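Structures follow.
There are two complexes below, and they share chain A, which is joined by chain B in the first and by chain C in the second.
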Partner chain A sequence: MSCTVRIASPLRSYTAGAATLAARGSTLAEVLANLEQRCPGIRFRMIDEHERIRPHMRLFVNTSEARELSAVVRDGDTVHVICALSGG
Partner chain B sequence: MALTSSERDRYQRHLALTEIGAAGQEKLKAARVLVVGAGGLGSPAALYLAAAGCGTVGLVDCDRVELSNLQRQVLFDSSGIARSKAEAGRERLASLNPEIRVLAHALELKAANVRALFRDYDLVLDGTDRLSTRYLINDACVILGLPLVSAAIHRFEGQVMTYVPGRGPCYRCVFPQAPEGGVANCAQAGVLGVLPGVLGTLQATEAIKLITGVGEPLTGRLLTYDALEMRFHEFRVARRPECAVCGDAPTISEPRDPAAPPTGTGPAVRRLTAAALHELLRDAGSPAPRLIDVREPYEYQAGHLAGAINIPLGELPGRVAEVAPAGTTVFICRSGGRSLAACQMALAAGVPGPVNLEGGMLAWSAEIDPALPVA
Partner chain C sequence: MAGTLWIGTRKGLFALRADGARRNWKLAGPQFLGHIIHHVVQDPRAPRVLLLAAKTGHLGPTVFRSTDRGRSWREAARPPAFRPVNDGEEARAVQRVFWLTPGHHTQAATWYAGSSPAGLFRSTDGGEHWEPVAGFNDHPMRPKWAAFGTPDGEFLHSILVDPRDPRHLYIAISVGGVFESTDAGGDWTPLNEGCAADFLPDPSVPFGHDPHCMVQHPARPERLYQQNHCGIYRLDGPQRRWQRIGKAMPKKVGDIGFPIVLHPTDPDTAWVLPMDGQSVWPRTSVGGRPAVYGTRDGGASWRRMDRGLPRSQAWFTVLRQAMCADIHARPGVYFGTTGGEVWASTNGGEGWRCVARHLPEIYSVTHAA
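Take a look at the complex of A and B:
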């Protein structure tokens, strides 16, 4: 399964500035593991040591929120990584 | 609140809109809107609210105008440098529209003053540049039952959402907690000058819709904007029953002051600048501190301080025993965020007085050793 991951602006230092990346996986956990292989360290910015989505991050598969790493990702889906921003 | 002849002339284009008309314009005239943060977002928001005939506009900001603000903060001009933002903004808005009342609140928003300030307004716009203040504003709005239009920006990206108590989620439902170590603000990360113009005018649009009762508010929908790709995305977000302030069993019933500032530390975590660490390492009379670099291995391999041990933050919970139980332990990362989280983990595991290198390797490279590569 191949999907697109849209990266929140504050995490783009891990993706060499790329806003979107292609990734593989049929669940959110697999997609993030695949992303981590190419962007080391990015997963820990989203997922804590207890395997929970961090409380200042929100993950969406297309427009539906994914609150668990077991969320299903289908071929052609877009995973959106949203981060609380502070600038004003 | 009937319109005067002069107001009918000024707002003619609104009066021509059947959705607004005289009734909507009279609602705007009666409305009292508080703009918290007269910065990149607050500038266009306040200008359009004043131009639209919002009867009372309040500006909250304790800062003074700086030259570097003028790239995006269109409420001010070069003659206003060093003036109070609240006061300079008040004059600009009063000049734009003498028919309205503009109030300057040159103060720092705190738990002690938020109730007294907010109770004189019907609607709040959040354009602050500190994440922790966003929680204070949200909590006060939920507790006082005030609608809130909140926006935030970072580099080329922004997000905006409208929160109406009892009609959807609040800010804490969307982002329950600020991250440890904070999120970079505009000064740290940079921002495209026109970006807050887009987001601030969206905030003003939402405020005018809420006041006049037209259209569909952005409640329960998080709107994001990417200026580089020129794309908007919209996401449905539901109220969280477990939310600490608007949930079924709230634990926050009073506005409270923000927790430690983004770069702050807990009382038992010590902070060290790059220069202070440099001095400590050169001081042969002191026991050498233990240096723990919590970055990822690839970052560590690109360049690290002599003698530093690499324990990536993700591995720290399982390897905390490797951290010396006595003596000084300094945690290091790229910019100081992950190392602060490491300090807090170490503290919880019983490591006495962990030290955070403020600004991380970026600060070390900038201040001490520019030749040291930082991945």
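Take a look at the complex of A and C:
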């Protein structure tokens, strides 16, 4: 499965500035693993050591928020990586 | 060359460099603008190497390494992280890498890191890959040692490596206490006898104390100093009981603070920066009149050192990593405030001047030769 991943600006130091990347995978976990192969270090900034999405990160598959990495990703989907900024 | 003061802030990393006389200071940066920088530490075994503990408000915590004195940085391939857990186990995740300590001089590539929640991590390849120190993180007593549960999580800091023995380690947990290992972190023993814990229902507990900062002098490593939530202490090994040397501080000032800094060559000389620990704990300069206090006799007496500091209405807070000394014969002493000012003394604390202002909230001030 091929999808598009939209990268929030705080993570673009890992993508050479790219806001959008193509990735492969049929679940969010597989998509992030594929992303990590090409952008080493990016996954741990989003996902903790117990496979939990970090508190200030939000992951969407198209318009549905994914709470688990087992969320299904279909061909042509767009995965949005969003940072939930708060405070000053 | 006077070296560099590395300023870690809530919004990035700055460098202050002085001329040889330490009169004129020039601010460089920011690097990592927008990142929270908890600690920046030079490797005394390889002075071109620096490690930096960072995260941002959204992203997970990590460590960066420089091999060119801070000109460029590369992220660790495997940052500090707790081990995977089995069903039913508490799944703690590192929220902050809070503290960095170079390993023993005979172990050139070893570093230690402390985290919040309280975790101890070790790298044996210069900070590229980090492993949890199971002897502490999985110690059966660890959940009780670090059980107080402050809102930001408990911090593991002040990791000390005995210069005489790489297997002899100390750590401090705020809140949790001081702990000692003599087998390279395989097992740990509380080391808090003599320290007050007057915020606890039972103040005579063996652990549960709140050390804010602990230091060890390389020329006299059997001696530890500690700035605690409940006073200033000294421990002279092989004794295992801390002495409250803060009792010699003026009563109106008290002996509460975050940092404690040692003279580079004289184990009897130290500096503290008292804060207001009364009532609701403002943690600001006592009476709005900031002052460093220095001792030259191991804490038997203390002297106010405030020449050049504001005389009134200055409500400084100085965090535990935000005060340091350099290595000159007449050492420079430096501190950064949460209001974004850096103050410097180039005569052992006798006189002070502000050398940088308008910075973000300062978390860490460290000297690099």
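The working rule: the second predicted complex is superposed on the first by the 85 of 88 C-alpha atoms of A that agree within 3 Å, B and C clash if a C-alpha of one lies under 4 Å from a C-alpha of the other, contacts with A are read in each partner's own complex, and residues count from 1 in each chain.
Everything below uses one rule, namely that a residue touches a chain if its C-beta (ideal position, glycine included) is under 8 Å from a C-beta of that chain, and two chains touch if they have at least 3 such contacts.
All figures in this text were calculated on a predicted structure; none of them were measured in a lab.
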Looking at A:Ala22 after the superposition, I want to know if it touches chain B, chain C, both of them or none. Which is it: first, second, both, neither?
neither
With both complexes superposed on chain A, which partner does A:Thr63 reach: first (chain B), second (chain C), both or neither?
first
Examine A:His80 and indicate which partner it touches, taking first as chain B and second as chain C; both and neither are also allowed.
first
For A:Leu11, select first, second, both or neither according to whether it touches chain B, chain C, the two together, or no partner.
second
A:Phe44 in the overlay: touching chain B, chain C, both, or neither? Say first, second, both or neither.
both
Taking the superposition on A as described, I'd like to know which of chain B and chain C A:Arg52 touches: first, second, both or neither.
second
For A:Val72, decide between first (touching chain B), second (touching chain C), both and neither.
neither
Overlap the chain B and chain C contact sets on chain A and report the shared residues.
8, 10, 40-41, 44, 49, 54, 56, 83-87
Partner chain C, residues of chain A touching it in the complex:
8, 10-11, 40-41, 44-50, 52, 54, 56-57, 83-87
Show which residues of chain A lie in contact with chain B when the two form their complex.
6, 8-10, 19, 40-41, 44, 49, 54-56, 58, 60, 63-65, 80, 82-88
Along chain C, where are the residues that touch chain A in the complex?
34, 56-60, 62, 75, 77, 79, 81-85, 91, 93-94
Within their complex, chain B touches chain A through residues 37, 39-42, 126-131, 134, 151-159, 174-179, 182-186, 189, 191, 196, 222, 224, 226, 228-229, 233-238, 262, 295-299, 312-314, 317
